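A single structure is presented below for examination.
Each chain gets a letter, A, B, C and D, in the order it is written, and its residues are counted from 1.
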Amino acid sequence: MPRPLLPQVGSLQPGVRNAITDVAGVTVGHHTLDENEVQTGVTVVRPHGGDLFRDRVPAAAVVINGFGKSIGLVQVEELGVLETPIALTNTFSVAAVATAQIRQCIAANPETGRALSTVNPLVFECNDGYLNDIQRMAVTERHYLQACEQSGAVVEEGSVGAGRGMSSFGLKGGVGTASRRVPAHSGGQHTVGALVLANFGRLPQLILAGHALGERLARLVDGKREAVPAEPEKGSIILLIATDAPLDARQLRRLALRAGAGLARTGSVFGHGSGDIALAFSTAYTVPLHADQPMPALAMLHDGLIDGLFQAVVDSTEQAILHALWCARAVTGRNGHARQGLAELLPGGFAP
Amino acid sequence: MPRPLLPQVGSLQPGVRNAITDVAGVTVGHHTLDENEVQTGVTVVRPHGGDLFRDRVPAAAVVINGFGKSIGLVQVEELGVLETPIALTNTFSVAAVATAQIRQCIAANPETGRALSTVNPLVFECNDGYLNDIQRMAVTERHYLQACEQSGAVVEEGSVGAGRGMSSFGLKGGVGTASRRVPAHSGGQHTVGALVLANFGRLPQLILAGHALGERLARLVDGKREAVPAEPEKGSIILLIATDAPLDARQLRRLALRAGAGLARTGSVFGHGSGDIALAFSTAYTVPLHADQPMPALAMLHDGLIDGLFQAVVDSTEQAILHALWCARAVTGRNGHARQGLAELLPGGFAP
Amino acid sequence: MPRPLLPQVGSLQPGVRNAITDVAGVTVGHHTLDENEVQTGVTVVRPHGGDLFRDRVPAAAVVINGFGKSIGLVQVEELGVLETPIALTNTFSVAAVATAQIRQCIAANPETGRALSTVNPLVFECNDGYLNDIQRMAVTERHYLQACEQSGAVVEEGSVGAGRGMSSFGLKGGVGTASRRVPAHSGGQHTVGALVLANFGRLPQLILAGHALGERLARLVDGKREAVPAEPEKGSIILLIATDAPLDARQLRRLALRAGAGLARTGSVFGHGSGDIALAFSTAYTVPLHADQPMPALAMLHDGLIDGLFQAVVDSTEQAILHALWCARAVTGRNGHARQGLAELLPGGFAP
Amino acid sequence: MPRPLLPQVGSLQPGVRNAITDVAGVTVGHHTLDENEVQTGVTVVRPHGGDLFRDRVPAAAVVINGFGKSIGLVQVEELGVLETPIALTNTFSVAAVATAQIRQCIAANPETGRALSTVNPLVFECNDGYLNDIQRMAVTERHYLQACEQSGAVVEEGSVGAGRGMSSFGLKGGVGTASRRVPAHSGGQHTVGALVLANFGRLPQLILAGHALGERLARLVDGKREAVPAEPEKGSIILLIATDAPLDARQLRRLALRAGAGLARTGSVFGHGSGDIALAFSTAYTVPLHADQPMPALAMLHDGLIDGLFQAVVDSTEQAILHALWCARAVTGRNGHARQGLAELLPGGFAP
């Protein structure tokens, strides 16, 4: 689905790809499982191309609503760094992907958990059980590795990778990404990128670029199919933020929290059953595994100059959610359950 | 300014007054100081008409952005109760109002701080220094008491009480309130009310009921007056949520957090220099001061039934902010600084 | 090792077993793997004998030092309940045990993740990599189920279950438990129980019931074996607290935090590399899975009466750690690594 | 009272003064009010001799038990810096001292709250209402300034400044300080200093350098005076940690949390009615007020090297509490209430 049919939110300019990979060094990979009842996958966001266990990137997370089963946040909060790529998958596949991350780290660092410390897997999840037979736990360690191998700067969106089986606003959800550029005080500019795994929201709540179209779309959908009884949201959204601005963990936590503002603008009320978690990282420097290696000695951004980044987080998050909805093609899965794509509902493009 | 010219956000119905006082027992009072360079005041929200020190109400707060100087949150977080009315004022008058709350408690409970524990003042603030000579610290203990005495179910909005000197989106800010009703699982309904002290935002960010009118209004304003150089936001917003639903402190924290979603929809990115703090309380029961008095033994709402309340918090918060902007009449204060009211900019009412 | 040779800390009385199972309904089970390089296992604490997914117990956790890889805490913090038994194992086996918990829940509730919400696995870990070949990931889903099946009121301590390969203060660590009884305001009494998985501390830090014996014991150990170069702590401790007092999640968080005080008294400084996590739960009531089932309507304990429980948490935690050390028999494992038991070092019993 | 009669806890060496002022640049000042029913005061800790509003020091706080009425923590947590000296006083004098800090800042920076942002007062408190007529609110703004003017490197301990009216373990409490030195990885050494305002604990709980002497001392005291009915703790302790190690706010939060371990070792269970708050700051660098001034570009300490600082925090905190107890001379105040000093109870010095 060509994105130009979608409005651009806010007044900041996007980067070249309008994707999280506009932050230099960041790559994204998917592995998609699409076979009858199995509609799921893995998505990986890699902050840099090296070994994150040895060269960690500063990071922080915010739990907006904690109805979620991710692994890895306790240590991120304590130490303020990532030491693996960030993985996204379905709720019941967190364990398989976490094990894959551990083995990946051992392969690169054979003393992991022995002479070296153990590694902290970082896996986020949403529940794709409406379209995917989640109980089958179809994701394997190999699928995670394939997502890593496939990762690059071009980001496929919609019903791919971890987004394959996701639903959002009663429509097809999935992966979306966007970016914004912010003038830097020192000249040049900072880039902020967002990537979301969207699996949240009830259709009447949907707000598209400020337009509360949810009720209208709900009537449109209801006219086209058998009425589905309204059920409580059992979704989630994972919100990943990348930036090249030099920020420490405290400041990155501030960025992560603003992803919630972008989320709110799409109609979310951070529903009870939704695991809404945001994580922000910076690519401006790395922290070495070994204590005897030199620590980075660069100046962080002054907090008084951070508002532009906040705006970029909010706008790129909202935009990434719109992209996820717009790019998600229809999927039919478990028990014949089906979700339509937003773009199919609005074939002429977005016209409020 | 008659509110009917404003759109109503969301699909839930407001209460009779569309005010926080639709939650039975809650009252609001103002004391306004309006004398040349002094444009400030005190606003009080009283959860019930009794002595809160003896009969506490469950409460919880969320710091959305902590650039703020409120007093009292540490103990609210630990104990999950309010033990004074909630007071709002300007940044440099927190101390005077806190002292007034202590003396008010001593007057009612002479052993406060002796045989009884000390009392926890709860005062929130925003910086009204653009219109008000904040360094004069004009608010006195007496003004707090007057706001208490004047409190009732009818809530004046706009440039009154603590809202007298506040600015929001480069326009006149102040106090706003709204409410929403939610069907209860057990029959009947719950009421959620919001009251805000709005002093945040830059004009280009403004989103009115989904309409990103900020840039257009900014040009309108710029055409009418000498250009004011853009300056970083030094505002804040206090977001108070009341409900009659039976919730414990953990659940009230969940409600308070959703006030941030309503705030985000008006254009806020939770700016660096803004102290954005939300507090939610329930009037469904009280907790006694004395440990030998019986504790309430009522069933809390099941978390699986809380989504309606979340929606009500988001919608009533956004609505309360719109009311604050719409009802705020122009004020001229310190150094001749002036802020226009939104309604004056849109004399024909809101037409997107 | 008979415990009577150990001093009893504090002045409160222990329960009948001086174990977490003195809290009525709580059971503990172990499955131990003891085969050459594999020295590890699983320990399970079950708050009640029923299905926790349907009948949840209130709970809260505190991360004292977050160098840890547990799974499940995000949702416990949000919802304030446990919905599975609590599992303990080694760091690289969290995934296997979490998967076992998911399958256990599906077996009992076939619509888990479909018509019902997904289940939140709760698995804590310490790194037993000094004695155990942790990279082998020897723990399987079956081992978790065996620990559940074997659970009962009698608690084996020391080098068993998840404690099999753990080290503490350079000695053999493992599982320990203790309890204390507190007079209730209303007559009768409350019971507090602690169970720890002890894998933390360097020997010179050890404080035994107030006696800073660490340096002396370190010299004793150094005289008996080849000097082992001091290395940074890579341990952890998991601290579980049970009580029958009626407390909500906010209050249980207060209890969990006091486990850190008991830990501190044994010499811990909450070392950088140690994942020190405490969780407290109450057996006084349950919260139903289904929102249409009645919520409990009992009075919580007044916070003003909680100090006795705090003392009981501190004392039973310290005592449980002493029990873990005292009951841990020597183990030799990976690469011929060996850890002595404290009781072997002090064959005449504890004499300060 | 000469400190040599007290044991030294731990194996690290203290600094020259065994005081928080061993951290270069830190000074401490007191102003004491001692007149019949008024037994109270103000203590100030200044991280450096300049204007903290312009040159902020990194800092972080941990609320161990939040039964407290301090002001300023919300902003410290958000921004990770101090912008005023740290003030200690009694519970009902927080407002007066906060106002003094605001006026002090305005005096040095006349545009505070106008062209400049507002200033964040930082005042901690304990309730000295047993000895002091706290309702009289005897502390004035002038007293805060006098404490600032009087500040220096020599720290008077015991019943002085904010410690004048404080009680601890049923004995006389007050101000205590200590320090420890830690070898730095890069050669040289780091210094950690602690200063406490001790107003917590019931006598039977007291542990002196590992010796649980509380019960014995309680019998000794009971024999000498009319039995005082045991009452719930209504105390508090403020724990301030200074270091010259280069740490960011996240790391300083880790240090602050370890002060709780030192506190636990003296017998505290972090009682319900006690406001136990720790704050740590670093003098290694400053953060400028103005965003256009250069940010510091120095390397932080690697987290893998932080354990020595943790040990120093624990030991210096425990030692500072011992010093507070040992140096506190008897005071008689409100209603003839009196507290003995520990050193008077143990005239031959400490002999376990």
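One rule holds in what follows: contacts are C-beta pairs under 8 Å (C-beta built on N, C-alpha and C of every residue); 3 or more make two chains touch, one makes a residue touch a chain.
What you see is a predicted model; the values in this text were computed from it and never measured.
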Item to check | Those chains which touch chain D and also touch chain A | outcome: B, C
Next on the checklist: B-C versus A-C: which interface comes out with more C-beta contact pairs?
Outcome noted: A-C
Item to check | Chain whose average C-alpha position is farthest from chain B's own | outcome: C
Checklist outcome for this item: Rounded to the nearest Å, the gap between Cα centres of chain A and chain B is 33
Item to check | Euclidean distance of C-alpha centroids - chain A vs chain C, Å | outcome: 34
Checklist entry - In whole angstrom, how far does the Cα centroid of chain B sit from the Cα centroid of chain C? => result 44
Checklist entry - What are the residues of chain B that contact at least two other chains? => result 65, 78-79, 254, 273, 303-304
Checklist entry - Which residues of chain A touch chain D in the complex? => result 78-80, 185, 248-250, 254, 287-288, 290-305
Checklist entry - Which of the residues in chain C end up touching chain A in this complex? => result 63, 65-75, 77-79, 91-92, 94-96, 98-99, 102, 106, 112-114, 117-118, 120-121, 127, 129, 134-135, 137, 234, 273, 275, 277
Next on the checklist: For a test of understanding, state which residues of chain B touch chain A in their complex under the given definition.
Outcome noted: 11, 64-65, 204-205, 207, 210-212, 215, 232-233, 254, 257-258, 260-265, 268-273, 303-304, 306-307, 310-311, 313-314
